[in-house]
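The same subunit A turns up in both complexes below, where it pairs with subunit B and then with subunit C.
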Partner chain A sequence: MSIYIQGTGCVSPLETAAEGLFPAVVNPAYDGARLKVSDPDYKQWIDIKQIRRMSRIIKMGVAAAKLSLQEAGVEKPDAIITGTAYGCLDDTGVFLTKMINQQEEMLTPTSFIQSTHNTVAGQIALMLSCHAYNNTFVHKGFSFESALLDSIMILKEGKSKHILMGGMDELTTHSFNIISRFNRFKKEPITHTELLHSTTPGTIAGEGAACFVLGTEKGDNSYARLTGLTTSYKPGSTAEIAADIIAFLAVHEITQEDIDLLITGRNGDSEEDVWYEHVESTLFPGQAVGCFKHLCGEYPTASSFGMWVGCKVLSSGQVPATVLFKGKTREKIKKVLIYNHYKGTHHSLILLTGC
Partner chain B sequence: MEKLMAALKAQIVEQLNLQEVKPEEIGDDQPLFKEGLGLDSIDALELIVLLQQNYNIRIANPEQGPEIFRSVRTMAEFITAHQTKQ
Partner chain C sequence: MACEVWIGGGGVICGIGDNLPACIEAFRNMATGAATMEYLSSAHRGTYPVVEVRADNATLAARAGMPAHISRTALLSRIAAQEAWDSTGLGEIRNYRVGFVSANTVGGMDKTEEFFADYLKDPQSGQLSQVVNHECGSITELVADSLGIRHHVTTISTACSSGANALMYGARLIRNNMVDVVIAGGTDALTRFTLNGFNTLMILDQESSRPFDDTRKGLNLGEGAGYVVLVKDTLKELIRTPWCKLSGFANANDAYHQTASSPEGIGNYLAMKGALEMSGLKPEEIDYINLHGTGTQNNDSSEGLAIERLFAPHYPPVSSTKSFTGHTLGASGGIEAVFSALAVREGYLYPNANFGTRMKEVPFTPVTAFSEGNKVHHVMSNSFGFGGNCSSLIFSIG
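And now, the complex of A and B:
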C-alpha cells in the first residue's frame, strides 16, 4: 500500500503560508539567535470570534492544517494527529504567572483551557466539526515522527482514507531564555547564509507548524509518496547511525546511490553537525545535500519543516538555491531522504518518493 | 451608572480580548451573549472572574448568571446593588 502526501501547509519564518511552490524570496530575519514565524493574516482561515482566544501556536497550527486540507481538497479528515514537544507554551506561561501573582485565586479559564498540549488538534477538530480519531504525541524530538508513525499505521489498517497530521512548536521569550541557559544558541551574531558553515557551538532557536494530508490514493495535487520512516534513540556513534541508514534503505530495496537529494537537519552547531558530516562524507560523497534549519531554526518538531521542504522539492523537481548545501543536483529528483536529529539523541529518517 | 457602564465595557473588551470591538461600540442594553456580542460559556466564566477581581463580588447563586450578564446595564445594576448592600 502506498501512502501519498496529498496536501501540505506550513507556517514558518519564511512566507510559506500560501499554496504553491517554495517561496521565491527567502530572507529569514534573525533576531539575535532567534528566528520567529512570519505571521500570515490568520483571519483568512480563522473566524474573528475564535481568533481572540488563540495563542500563536494555535493560530499557526490551525492555519497550516487548513492550508493542507485546502490543497488536498479534503473537508473532513478521518483522523487528526499532531506532534508537539512544548505544546501551548505561551498560554501555559500566562496561566502559571497568574497562579503565582494571584496566589492561586480567581484564575481565568481561557489560558488554562488553551495551555494543554492537545489544544491545536482539538481546535482543528472543533473548527471542522470532526469527531474522528484525535491524538497528540508529546515525545520531545520524536513528537512529529510519532504522529507520522501513528498516521502510517492507521492508513495501513485500511479504515481511513485521509489523515490530517502535523508537527508544531512555538518559541516564547520565557522558553528562549530558559533554553539559552544550556548554551544551546549562538552567542555571536550570525546570518542564515553563514549559519550552516559555522564552526562554533550553538544554533538558532526556531518555531513553526507544518501539516500534511496523508492518504492511500494519489490525489490531483499529491506531492510525493511517503515511502519510509524510522527513528533511532541515542545511537552509540556516527558509525552506528550510518549503519542504520544503510539498513533503512535496504528495507526499501534501495541504496545510497538511489537517493537524489539528502536533506539533513544541519543547524550550524559544531558539536551536533558531526553526525551529518559523517553521514554525508561516508555514505553520500559527492551527492546533493540540502538543509533547512537555517530557514526555520532549531526546535523539536523541525523535521516537519524538513518534510515540507522535501515535498516542495519533489513536486517542483528543483532544489531551491537556498536549500542546496553542497553537491550537484541530478536532472530528475525522484527520491529524497530526510535525516534529522534533535540534540544528538533523537535521530529520524524519512524517505519520500516522487509520484 | 454611566461611568460604571463605561468602565465595565472597557474591562469586558480587555478581559475577553475582543480585538475588533471598541468599548464605546457596545450598547448599554445590547445582549452580551448569542446574537448580541456573541459571547459564550467560557466568556461567562471570564465575566464571573472579572466581577471578583474588579468589584470583589462573588456570585453565590449560579442561576442568577443569565440575568446578571444579560447586558452591560444589568451587570452595572447588579454591581451597584451589591455595593449599596455593603
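And now, the complex of A and C:
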C-alpha cells in the first residue's frame, strides 16, 4: 500500500500560505533570536467573530488545515490528527497569569477552554462538522512524528481514505523569555543567510503550522508519497544514528546513493549541528543537502515544516536556492530524505518519493 | 485484525487507593474519596472537595524512586506504571521491545504554577528546575527513562479522553509489530490551574459528586494514574495471568462545542458504536459499561441518551467509578481501563456511589453495590472530553 500526500498547507514565517508554493521572495524577519509567523489574512478561512477569540496557534492550525484540504479537494477527512509539543501556550499563559494575579478569583473560562492541547484538532472538527477519529500527540520533538505514525497505521487498516494531519506550535513572549534563560537561543544578532554557518551555540526560536492530507490513492494534486517514517529516542552516538539511517534505507530497499536530496534540521547551534555534520559528511558526502530551520526557526514540531519543504521540492522538481545548503542538485529529484533531531534527543527520518 | 492484543496486567494509584487491590477494597467498602483538600494549596480549599492521593510528594517520590522536586504527575505515573509492569510477571523490561504511551492534560503544571508566581514579579526570577518539565511529553520521558523504556515513547493529550486514546495507539503499535509490549494509560495530578479552570465552567460540585443521579450538580476533581500492559498474542504465554483482550476501540468527535457535549451525545454514540463494530459484538453482549459519568448535567445526560439510542431495550449494568475516584482527567481513561479489564477477569461489577434518584432523561439506573463472580465477558469503558473527543474501549474474555 502506498500513502500519498494529497494536499499540503503551511503557515510559517515565510509567505507560504499565499499560493501554496515555495515563496519566490524569502526574507524571514528575525527579531533578535525570534522568528514569528507571517500571518495570512485569516478571514479567508475563519469567521471574523471567531478570529477575535482565537489565539495564534488555533488560527494558524486552522488555516494550514483548510489549505491542505482545499488542495486535496477533500471536505471532510476520515481522521484529524495533530501534533503539538507546547499546545496552546498563549491561552495557558493568560489563564495562569490571571489566576496568580487575581488570587484565583473572578476568572473567566475562555482562555482555560482554549488552553487544552487538543483545541486545534477540536476546532477543526467543529468547523468541518467532522465526527471522525480525532487525536492529539504532545510529545516534544516527536509530536508531529507520532501524529504521522498514527495516520500511517490507520490508513493501513484500510477503512480511511483521507486523513488530515499536521504539526503546530506557537511561540509566546513568556515561552521565548523562559526558554532563553536555558541559553537555547543566539545571543548575538544574526541573519537567515548566516545562521546555518554559525559556530556558536544557540539557535533561533520559531513557530508555525504545517498540515497534510494523506490518503491511499493518488489525488489530483499529489506530487509525493510518504514512503517511510522512523524515530529514534536518545540514540547513544552519531554512529548509532548513522547506522539507523542505513538500516531505514535498507528497509525501503534503497541506499544513500538513491537519495536525491537530504534535508537536515540544521539550526545553527554548533553543538546540535554535530549530528547533521556527521550524517552529511559520512553517509552522504558530495550529495545535495537542503535545510529549513533558518526559515522557520527551531521548535519541537519544525519537522512538519521540513516535510512541507520536501513536498514543495518534489512538486516543483527544484530545490530553492535558499534551501540548498551544500552539494549540487540532481536534474531529477525523486527521493527526499528528511533527517531531523530536536535537542539531540528526538531523531526522526521521513522518506518522501515523487510521484 | 492480524494480531490480538491482550491485557497482561494493570496498576492504579488514585484517591481511593495507593494500588489496585486497595482500590478494589474501597469499592467493596463503598469508601468514596472526596474530601477537603490537604495537599493542593488553593483559595478554594474550603469550597470544593477533591479526591487526592493521600501522600505528600516526598512520600510518593520515595515510593517511585524518583526525586521529590519533580512534578507530582510524574511520581504518580511511575508508581502506577511500575505496579502494572510488575503484575505481568514479564520480568526485566529490557528483555522486550517495550513502548510507553502515556496521557496527561497539563504536564508539569503543578511546578509551573510555583515558577510562574516568581516569574511574573521578575522575568529573570523563578527556579528553572520547576519549569523544565512543563511539557506533557517531559512527564512521560521522566518515567520512561526511569523504567528504562526506549523503543517507543509518546504522549497523548485529548483532555478527559486522553488515557483511552493511549490504549488505542498502543494497540496499533502492537498490531503493526513496532513493539511487543506497551504500557498504556494516563496520569494527572491536581493543579490549581485545572481546579480554577473547571470552576470557571461552573461544573464543580461542592459535595461528593452524584453521577447519573437526577440531582447531580457537577464533578469532583481527582488525581492519579492508571496503566494497563498491552501484550501481543505471541507473548501471552509469558504472562502470569492474562486478564482479557482489548477487543474493540473507537474514537469519534462530537463536533458540537469546544467544551459541552451535544444534547443527544452524537460523539459518544459514534465512539461506542465504532468500538462494538471493531469487536464484532452486538450491544446486548456487553455485560457492563464503565461510564464516563462525570456527574455534570451535560455529560451524564448526553452519555445516557447515547446509551439509550444504542442499547435500548437491553441495558447492561452501568456505573461511574468517578463517584469514588473523582474525575482524574488525563488519567481517567487509564484508571478506568484497568478497572474495566479487571472486571472481565474477576467478574466484578463496580458500584456507583451517591445514587438516589433516576435521571429523568433515561430509563436505566446505575449499579449501586459492589459484586463479584458475575458473568462479565465484555466490558465497555467510555471516556469523553473537551474538544469533542469521545472514546470507547471494549475488553473481552480470552
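Everything below uses one rule, namely that the second predicted complex is superposed on the first by the 353 of 355 C-alpha atoms of A that agree within 3 Å, B and C clash if a C-alpha of one lies under 4 Å from a C-alpha of the other, contacts with A are read in each partner's own complex, and residues count from 1 in each chain.
Here, contacts are C-beta pairs under 8 Å (C-beta built on N, C-alpha and C of every residue); 3 or more make two chains touch, one makes a residue touch a chain.
None of the values given here were measured: they were computed from a predicted structure.
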Discussion item. Quick check on the superposed pair: does A:Lys49 touch subunit B, subunit C, both, or neither? Answer first, second, both or neither.
Written reply: first
Discussion item. A:Cys130 in the overlay: touching subunit B, subunit C, both, or neither? Say first, second, both or neither.
Written reply: second
Worksheet item: Where does A:Ser12 make contact in the superposed view: on subunit B (first), on subunit C (second), on both, or on neither?
Response: neither
Worksheet item: After lining up the shared chain so the two structures overlap, which partner does A:Thr322 touch, if you call subunit B first and subunit C second: first, second, both or neither?
Response: neither
Worksheet item: Which of the two partners, first being subunit B and second being subunit C, lies in contact with A:Ile178: first, second, both, or neither?
Response: second
Worksheet entry | Most subunit A residues touched (candidates subunit B, subunit C) | C
Discussion item. Which partner chains sit in contact with A:Thr108 here, subunit B, subunit C, both or neither? Use first/second/both/neither.
Written reply: both
Item to complete: Would you mind listing the overlap between the subunit B footprint and the subunit C footprint on subunit A?
Response: 107-109, 113
Worksheet, complete the sentence: The residues of subunit A that touch subunit B in their complex are 48-49, 51-53, 106-110, 113
Worksheet item: Can you name the residues of subunit C that touch subunit A in the complex?
Response: 42-44, 105, 107, 112-113, 116-117, 119-120, 123-124, 128, 131-132, 135-138, 140-141, 150-159, 165, 169, 172-173, 175-176, 178, 192-193, 196-197, 199-201, 250-259, 266-267, 270, 385-389
Practice prompt. Using the touch rule from the top, collect the residues of subunit B that touch subunit A in their complex.
Written response: 15-20, 38, 42, 45-46, 49, 52-53
Practice prompt. State the interface residues of subunit A toward subunit C in the complex, per the touch definition above.
Written response: 80, 85-87, 92, 95-97, 99-101, 103-105, 107-109, 112-119, 121-123, 125-126, 128-140, 142-143, 146, 149-150, 153-154, 156, 174, 177-178, 181-182, 231, 233-234
